[in-house]
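Scroll down for the structure; my scribbles are underneath it.
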Amino acid sequence: MESTVKFISKPRLKEPALIEGLPGMGYVGKLAAEHLAEELHAKKFAELYSPHFPHHVAIEPGGVLRLVKNDFYHASSNGKDIIIVVGDAQAVTPEGHHEVVEKILDVAEQFGVKQLFTLGGYATGRYSKTKPKVVGVFSSPELIEEYKKYDITIERGGGPIIGASGLLLGRGKLRGMSGLCLLGETHGMVVDHRSAKVVLEVLNNILGIKVDMTHLEHRAKETERMLERIRKEMELRARRERRREEEEAWYIG
Amino acid sequence: MESTVKFISKPRLKEPALIEGLPGMGYVGKLAAEHLAEELHAKKFAELYSPHFPHHVAIEPGGVLRLVKNDFYHASSNGKDIIIVVGDAQAVTPEGHHEVVEKILDVAEQFGVKQLFTLGGYATGRYSKTKPKVVGVFSSPELIEEYKKYDITIERGGGPIIGASGLLLGRGKLRGMSGLCLLGETHGMVVDHRSAKVVLEVLNNILGIKVDMTHLEHRAKETERMLERIRKEMELRARRERRREEEEAWYIG
Amino acid sequence: MESTVKFISKPRLKEPALIEGLPGMGYVGKLAAEHLAEELHAKKFAELYSPHFPHHVAIEPGGVLRLVKNDFYHASSNGKDIIIVVGDAQAVTPEGHHEVVEKILDVAEQFGVKQLFTLGGYATGRYSKTKPKVVGVFSSPELIEEYKKYDITIERGGGPIIGASGLLLGRGKLRGMSGLCLLGETHGMVVDHRSAKVVLEVLNNILGIKVDMTHLEHRAKETERMLERIRKEMELRARRERRREEEEAWYIG
Amino acid sequence: MESTVKFISKPRLKEPALIEGLPGMGYVGKLAAEHLAEELHAKKFAELYSPHFPHHVAIEPGGVLRLVKNDFYHASSNGKDIIIVVGDAQAVTPEGHHEVVEKILDVAEQFGVKQLFTLGGYATGRYSKTKPKVVGVFSSPELIEEYKKYDITIERGGGPIIGASGLLLGRGKLRGMSGLCLLGETHGMVVDHRSAKVVLEVLNNILGIKVDMTHLEHRAKETERMLERIRKEMELRARRERRREEEEAWYIG
C-alpha cells in the first residue's frame, strides 16, 4: 500500500522554493514552518496520506478527528513563490521515511521546485543562555559559498540528520535540486519556540521574506522561562544524585 | 501479500450503517458489537484474512483451530440495515492497520455504506463507581449538532485514537462517509462488559434499535465485582509501597 | 521481494500427505520430521528461499555456508506418498510467516495434497516423568471423530499455536485441505528428542508407516538425563531464592 | 519501494572478481575494502540507494550531507579486473538485507562476475596478542581444497554469518558464483585496522595483488594501543566487580 497525495487545487507557481518543517527535535522545524505559513496566509493545496504514518487519528478541540497527514501550502512573498510542507507526523519505519520523502519530491518536481529548505532542531541537552545557533547543512559544497554570508554556523563534521529534513535534501539532490537544512540549537526535551524563531529569521533573510514575528517572540519568551525552570530542577536533581553517590561510595568503599 | 475478503454471500442491503467493534481497550467495542450481532441474529456474509494479523491460529473449545480473522455480519432492525464488523485481532503494524482498514472500507463502499459507527474504550486506569461515560468523536463538526442530543460526552481535545476505530473514520471520510466513534470509559486492565453495555445503549438510541441487554447486564455485574476487587488490591499495594518508601527514605536520608 | 521455490525435480506423487516439522518449541516438530525423512530415505525435490528468513547464513561443519531455507522431501511408505517439509528457520515477521506458508501451500496444491500434518511442541515449563502427552488440534470438527482413536489428547480450549504449524492448517483449510496438528508436551528450554519420538509414533500410527526409532530413542534417553539435571538445578535455585527472600523479608519487615 | 542502482559509467571488465566490505563487526571488512580501493586508485562507477538503509543522511566534514549508500568501484591489478563494493551502511531489516544483496548480485551478474570475496570480522570479545586469525567460509566444499594453501583457518562448525557478507555468498551461489568469505578475528568493541590488515593480506595473496600497506599498518599500531588500554580497563573493572561481589556475598551470606 502506497502513500497518496490528494490535491485540493493545482496552483500555478513560478519555480517555487520548497520549505519543510515536520515534527522533530524540539518541534523547531514544525513551529517555524507553521508560523511562516500563517503569517503569509499560505493556502493549502494538497494533503499527503501514508500507511507509514502512525496508526492513530488526531482529535481536534471539539472532538473532531482527522487522519494524521502532511499538508502542502503555497504562498508568495516579495514576488517569490514558495511551497510549505508541514504536518502531524513523520513515517514510523526507515522504509516509510524514504517513501514519504519520495512522494513529497514528486510534488516538488511537478511544480518545478529547484531549491529545498528543510528546517529542524539539533539537541544539545542543555539550555543555552545566549541566542541559539543555527547550523547549516548543505546538499553540495558550492552552496556553502552562497549561504555563508547569513548567520549560519557551518559545522565541521557531526552526527547524521534523522528523518525527512535530511532525506529530502539527499534524495532531492538525485533529482537535481539544491538544498539547505537549517537546524536550530535546542534543549531537546522542550517544544522550543525560541529556536524556531532564530531558524525562521535566517530563512527569511535568505529568501528576502518579511513576516511579523510577534507571536513567535511571545511564545519564545515562554519557552525561555520553561527552560530556566527545567535547568534549575536538573541542577537540583544532579546535586541530590551526587550526594547519594557519595554516600554509597562511602558505604561500599 | 495483501489482505483478502472471502464472501460467503452477497446480501442486498439498503444503505446500511457499518458498526465496528474489534479487540481494543477493555474489549469494550468487541463486546458491544458482538452482543448486538448475537441479539439481532446477524448473519455472517464475509471474512477478512490478512498477513498483517498475528501469525498464530486461535483454538476453539474442542481443539479445532481457525485463522485469526475479521468477520462481516449483516442484520436488520426497525427497517434499518446494518453491517457489523467484529473479529479476533487487529493488524500488528501501522502499515497493516492502514491496509486492513482500507479493505473494510472497500466492502463498505460496495454495499453503499454512508455512515460508520466505531466502538471502543478509553482507559482511565481507575474504576469509576458511577456509570461510565461515553465519549463521542466525530468525523466532521456538523455531526456534533446531530448527535449531541444523545448521552454522549463531547471531549474538548484529548489524545489520539489508536487502531481501526479511528482509522476507519479518518479514511472513511476521504470516501465521503460520515462517522461517529463511541468510546466507553474503562479501567484498561479488565475486560469490561459494563462499559460495553453503556456504549451499546447509546448506539441503539441513535439507530433506533431495541435489543435484549440481559446477558450483557449480567456480565456487567461480574465486571463490577472484579473491578472492586482490583481496586482494593491496588490500594493495599499502594499502601505497602508507601510504607517501604518511607522506610528507605529513613535509611538513606 | 517474494519467497521463491527452486525445484530440483518434479516427482509424480499420488495424493500425497504433507508433513511439516520446522524449528519451534523444543525443536519437537523439526526432530520428528527429520527423523522420518531420514529413515524413509526421503528425496529432496525443492527448496524454499525467503527474504523473510533471518538475514544470516548457516555454516556447516567444514566451513561451508548455505542460505537459511526450507526443504521439500518426498518419500513413500506402505504405498502412501508423503511430502516432508523441514528446514532451518521460520519467518521473522508475521507478514513473512503468512507469505512463506502460502508458498508451501502452493507447492502442496500443485502435487494434489489433501491432508496436512504439522508437528510441533507445546511448552509446560517443567519436566514430566511420565510419557509426554501429544495434543491434537484439528482444522475442522469432523476430524476429531476420525483421529480420536489414536493416542491423542484432545484439549478443550487452550492458547494459540504460533507459526507455520498453525498457519498451514488455517490457510490450508481455505484451500480445502484437511489438517491435524500434533503437539508434543515439552519443557520448552531444551531440544527434546523424547517428545519428538512420541509425536512421530502417533503420526506413524495414523499413516500406517513403520520406521526404525532406535536413533531417536537413544537421543530421547539423553534428553531425559539433561532434563533431570535441569530440574535439580532449578529446585536448588528456587530454594536459594526462597531463602534470600525470607532474609530480606526479615530485614525490611 | 525498491532499492535502485545509479550508474555513473559502464566500464568494460573481463570476468571481474567482486570484493565486498561493508560496515560490520570491528569495521574489518569496510576498512580492508576501502584500503584496497584507495591503493588501487579504483574508480566509482555506480551507487546503490535503498529505502532499507537507515533513514538518516551522513554529514561530511564541511557540513555537506549525502544519502547513506553503497558504492561500486572498479580497478585492475596484475591483469585481473575487480569490482569493490563499499559503503556507509547495511539494511535495517532482514527483508531489506535480502533485497540489497540481490541488487548487488544483479550488478555482479551484469559484469560477468564469477567469484565473490566478502570481507568481515568475527568478534571474540578479547584482545589477542598474537596475529589475528583469518577464518575462511566457503560457498561450496570444492573451494576448501583451492584456498587451503593460503593462511586461512578453516573453522569446523561455528555460528552464523550475519548480513551482506554471508548472504552475498549464499544467494550468489544460486546464480552460479563461487564465494569465499574472509573473517578477521577482532575484539568486537573497537574499529580494528589490525584485523583489516591481515584480512587484506590474505585476499591479496589469493588474487595476486600487491598494494602498499603502510597506511593500514600505521593505523593497526594505533588499534593495538587502544585495545591494550581497553584490556587493562576491563581487567581493572573485573577486579572491582569481583571485590564487590565478595563483599555482598559476605553481607548476604
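Order of writing sets the chain letters: A, B, C and D. Residues in each chain are counted from 1.
FYI, contacts are C-beta pairs under 8 Å (C-beta built on N, C-alpha and C of every residue); 3 or more make two chains touch, one makes a residue touch a chain.
This one's a predicted model, so the numbers in the text were calculated from it and none came from an experiment.
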item: Reference chain A; chain at largest CA-centroid distance; value: C
item: Inter-copy rotation, chain C to chain D, in degrees (Cα atoms; steps of 5); value: 90
item: Rounded Å distance between chain A and chain B, as computed from the means of their C-alpha atoms; value: 36
item: Approximate Å spacing (C-alpha centroids) for the pair chain B, chain D; value: 51
item: Sites on chain D at which at least two other chains make contact; value: 93
item: Arrangement of touching chains [line / ring / star / complete / other]; value: ring
item: Chain D-touching residues of chain A, taken from the complex the two chains share; value: 91, 94-95, 97-99, 102, 135-141, 144, 154-163, 166-167, 169-171, 173-174, 181, 252
item: Footprint of chain B on chain A - complex, ascending; value: 1, 6, 49-68, 92-93, 96, 244, 247
